[in-house]
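Just below sit the structures, each encoded as structure tokens.
Same chain, two partners: chain A is paired with chain B first, then with chain C.
The block that comes next holds the complex of A and B.
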């Protein structure tokens, strides 16, 4: 990531130097470039002539520098022609009607099929070899490529909701293009413009080299290359100067495009900084726990934090205690950013890099993680736990058939033979109500509907008879009728095989229908942990109360406004002192501002982290 | 007056009949909730109403005037009256424009305001949706999801529309934010006398917002009833399934597993399009062959309820 930044910077600097040479070259070195010295004709590299001299004894370095103006000038003119015609053409096609768009697209594609240099040669032969001819030819030859790109980018930008909104508002088409489409593809077009300039430099030099562009007495790099090539057996250095200049300029403008694009669009810079995060698990346990009770998943004092880049920590999950018994379905609710997903991922040793995990205890099926070797831990996770994510199309490999993906885990972790794994897969698929499992096995993920894909995910999870299923928003991406079926499947699996399930969702209705116990998370902490009935009847934490009041259900009084929570959740790293909820809490007391409430075990099997709850 | 009437609307995309004869009436100042699963045609209908899409056949009437045939100035005028708010405000706001710029653009498309007058109008709109002035200069990525959706609502209101099409406006938001947006919309409706078409797949929010409920299935409206009657006694079996699918504490998981997935819209079933999944159809009652052969018409079951089912609860 940093290296591309450096390379881009160097390219941009080189491009600037070239532009500088184009400006100051002729006045500074014009004299030296024209000075003939027949005594020193065709000399090689020497102290007086760093790149040697040509057949008339002129200094090649000086001539190369002087020729920069013409070479770059012609290339800039050609690129300008390309952009002036190509961008409006592509943009206009993108927002035009389907018929015109279709025809225009075909024409551009056909035009694009011709090699640009061939097209340029044809054009110059028609209008005769001249400066103007070369510029026009290269400019025209570049149009289809840029037009096609603009068309594709603009068409995709035109499909965005903000363009649709503008159209619905009645904003005029030309204004939509100028205001909403072009600025949002400007960075990519800048990259293209810079690359086109690089290509134009090389192309014009090629035309001059073929005698179709610049002719004496004018010189550009291509023309110099001709002269250098004629003398190549006498002084090889003569071709070096212009050749290096062409290559350098081509690369400098080509590479500086990306840097320019990043400078134009700040969003692009942000996206680049996000790149390069890999999945890794980093453990650092606080104290080694002991092997204990019969819960399937037992977590004590789980913390997940991110380094803030200045040596500090941004805590995303703080002191979470979590316990799921065999045959139990426990719900984890909270709004986005509350840490519910990170909690589950950390329990499966899947917290995303650069998150760090720490815990006093983390045990699956009674086996303490910190006492296991890495390979034993992987094996335990591979066979003991299954994960079901929100978007099944993102968690299935699109390039592999269902059969391969279904059987892979069982073959790796349980060393099942291919045939046995296949039979087991078919059985699991039947159990999750997938019709025609034999047929499904041969299909690819994209051939299945969203509901079928999620069923495949569940069937896949069940292959190794896991003791625990972590289901993170397993139905959010699905239709309601399909959601109902998936929930039934989870419930049936839980009942039939005593599989423990940790169900993560923002939907309290769904959680309360399926779970026996619910944990409510806020700002990385579990603020309430209670049996479902008690939580719904008498929510103890003010946040739980507010959340329930905000969510309409089929019995909500329509004549009243919904309950709301003032303010918004604190961002990571800016937690308020005391209780994290106190700035938004309707029952805030002085102590809430000063001290964070401990999680207190109440009489009715619930734990609440609130100063009000301490005196029931 | 600002009533919206849709008559016999058809939209065909290649092999898909996205809208297949849709009739709907949204009375002045009322809210009709439109529910249905993905692919049922809800969003297509919304796009036809706000003229982003031309229907293959049928009419969209605004106070009796056909908006799908309007052109030029007349079209601009009708466009102004019906506005739409989209699901995801981070996609529906131009990322390169500040809140004030987005709203100002909408204002100036229909009112020639500039300078201080324009700034005052933008401030009025921001205040209308409960945003403070300091939001004006911010870009979409600099404000919270709820604030973004308020900006999108302010932009829609900037042209002083009579009718708002609300397409899944809270689906991308957290529960507590959803509540504030729903409250805001109801307050705006009361204050400005707006007419709403509230589209959502979430039956609980639809119930909270709507006076009438219309259910879509594969491009058709299969039930259209007053909200109270709909929830108390749904007539169409698909409406029953949708209500049963809403998760509730203590309620059993009532949707039969045999119902399967929604069919492929490119290849809809013959007869009643719901029959292969229907709990009271030929799958459970083999003698009900009519469902597989004859398309049920959306008949009036009582003066206020339409349901397209041969065996609808009378």
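The block that comes next holds the complex of A and C.
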């Protein structure tokens, strides 16, 4: 909005000035434009002649201003021809039957693929090189583009629910177009009209320049350019004046279109007011959690924040302690927006820009990140850690064969030869029970099913024998039957290779089946970290309790509604004071509103961040 | 039937339909001229005998279907007729001038492809995920402004700056190899900047995609992430746009050849229109159209090779 505001305003003002020149130009400057002064022929820029004179000593500026009327008039006529034919054509195709629509679409596409100038040559040949020929040629040449746009817009407008229901009620097609379709696309068509005008100005000038449009004694800018170009060595200004006028007019009308559209339909303005208020970080209150040294992944006091654009911070992850032991499967659970994915990405040094990461300790296989060089860290992460993402169809590169994607990590980090990497890839694919691995290697991702793609992702992750797999909602995008298979595969991999897994999910049921320990996240903090049995038996944090209550099992009384958690998780940058969960907490106490509870280590290898745990 | 035969069959069908339309249009073009085209060529003061002779030589004395079949027959045998003005066979004109037009279009296409692709990719990489917001804004602004400058204006300005003021390059003709630079730039600058804009947007989207995150999670070096994982996915979109831009390049040659007096088909066809030299117009329109259609088909096939999904996507 800011940019279109300024540029669009200037363009609109320029367009208005040009229209004014078209109206008052001939009466005001007509005399000056025709006054010949042979003594002052072909002079350059001077005080008397701001753009110099032509070979007959006529003032270029005055001639350019006078020529505005004809140049704009012809362009307007051509644009009118374009719009009168193109809009009904596009709209009619949009509401016509599929067969006609298909054929019409193809004809328009083929027409569109032809250079406008060729079309103009055909039209000019028929009509003869003349003013009328140029207008008709440029008008016709503009039709396919505008018709295509109208067709696309109208087809999408006609696809909306209320138009569909009007059609189901038996409203005639032309009525649908007039009533429902055209008003909805009017603003975009206004933009197109202005843009077409800009193109028409330039195109007609080009035709005149070639001698296929305006011919003497009439002059438009294109015709003036011919004379100017002939004299370009003597008086360059004679060419630059009309050239500037053409470029200016083309741009002015082209750019003012967007502004016009915004004025017609205020919805085109994109409101981008989504910034909340920043909150202070609360690291000082939090005590140390459970980090042991023999762990595969050790994270202490991890924080991820985004700059809010005004020098402040929006904290998305705060004071997270996370530890995954060798061969362990740890679950990370929470609602969307709780910071669980960001925690995993930050632990893999993949937090997306502009996120900033800070930590007291971040170590993989006992190697502290902050002590490693960038290339050593990449090597460590490239071989020690594998990531599996939610949507396997989006996570594999559509343009590369599976073989390339499988082998490249091992080739880069372990310098395996192509053959060795290939053999390893085939072995890994067999291990994840992919049938016909040789064949799969030659395929592209789109040729595989969703389940197969996720198996490829897992096999790919295993190529470098990682110590840890970060699996971020690995089954959410898959069919229910495939989900179980993929979880089974992860579990088998863990058992066979002693690969530790950090499993991220919103599904506490799935997590509790697979994991030995579970961390529950809420609003960027770990609120409870407990062995799975203890967590299921006696959840300590009210949020964990609420999550478990929302989970149906075989003993659930189906006559009662399932438990739900009142309210919504707080948005980033608008955390409530005190404990972030207190507005939704059934056991909220006065202290919960005032102070954020520290994470407290309990007797049963559990940590809880809740005032209830301190004062039972 | 596999996707490739089906795809090729459909493309060939399209190609045949468009070529047929092209032949019909080029045939009807002369017959649709209001009044008497022969009179228009011959001039008002030509004798009746001369007009009659010209009518016979044009074949306009026969019935429309007869004319059409002899037109097709001539085309099938590569006979495009001869110029009214100087009796030079159209095939001779094509043989002399086509190489110049192809050289010019090729030079500008190379410029468009390299400059547009590199500029767009570089900007997308430098401004990925919202880094350096100023860069993105100024890029969009500059390419938007300069991308709106028509070939005609670009040609005049380039001639003024490099040929007239700096005297680095020749202003007209095709006397030296360097003479191709200015016309090629004049044709290519607008498509190149438009391509750069599309490439930047496309590359920015690719850089935000999950598979780039996967590539990053493998800790591949930057050249592999951008060269292997990003560029091919942008190339599909870039090639689609380049295919759409090619007609503009051919159209651009017609205008720009006339500014720089380039001895190609463009100067020839415009001259033919002004002198009402119908056989030349017919032949050259047919040829230029053929070039456009063939290029579009080639681009589609290339797209199919680059991105196998496009084979079925267009069904």
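We take it that the second predicted complex is superposed on the first by the 399 of 616 C-alpha atoms of A that agree within 3 Å, B and C clash if a C-alpha of one lies under 4 Å from a C-alpha of the other, contacts with A are read in each partner's own complex, and residues count from 1 in each chain.
Convention: a residue touches a chain if its C-beta (ideal position, glycine included) is under 8 Å from a C-beta of that chain, and two chains touch if they have at least 3 such contacts.
None of these values were measured; they are calculated from a predicted model.
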Using the touch definition from the top, say if A:168 reaches chain B (first), chain C (second), both or neither. first
Kindly classify A:132 by the partners it touches after superposition: chain B alone (first), chain C alone (second), both, or neither? neither
In the overlay, answer first, second, both or neither for which of chain B and chain C A:430 touches. neither
Quick one: is A:512 in contact with chain B, with chain C, with both, or with neither? Answer first, second, both or neither. first
Which superposed partner A:538 touches (first chain B, second chain C, both, neither): neither
Once chain A of both complexes is superposed, is A:198 in touch with chain B (first), chain C (second), both, or neither? second
Just chain B (first), just chain C (second), both, or neither: which does A:379 touch? second
Name the contact category of A:498: first (chain B only), second (chain C only), both, or neither. neither
First, second, both or neither for A:230, with chain B first and chain C second: neither
Per the touch rule, the chain A residues reaching chain B in their complex are 160-162, 164-172, 179-180, 183-184, 267, 335-336, 433, 435, 449-452, 479-485, 487-489, 491, 506-510, 512-514, 532-533, 536, 546-547, 549-554, 556, 558, 561-565, 568
Spell out the residues on chain A that touch chain C in their complex, using ranges where they run on. 3, 7, 106, 110, 113-118, 121-122, 124-129, 198, 202-203, 205-206, 209-212, 222, 225, 228-229, 232-233, 236, 239-240, 243, 246-247, 250-251, 254-255, 348, 350, 352-354, 378-379, 381-382, 385-387, 389, 391, 394-400, 404, 408-409, 412-413, 444, 446, 457
Where on chain B does chain A make contact in their complex? 37-38, 47, 50-52, 76, 79-80, 83-84, 86-88, 91-97, 105-106, 109-110, 141, 144, 146, 152, 155-156, 158-159, 174-180, 182-183, 186-187, 201, 203-205, 207-208, 231, 241-251, 253-255, 257, 259-262, 277
Interfacial residue positions of chain C with respect to chain A in the complex: 14, 17-18, 21, 25-26, 29-30, 32-34, 40, 128-131, 137, 140-141, 144-145, 148-153, 156-157, 159-160, 164-165, 171, 209-211, 213-221, 224, 228-229, 232-233, 236, 244, 247-248, 250-251, 254-255, 258-259, 269-270, 273-274, 276, 278, 281, 285, 288-289, 292-293, 296, 306-309
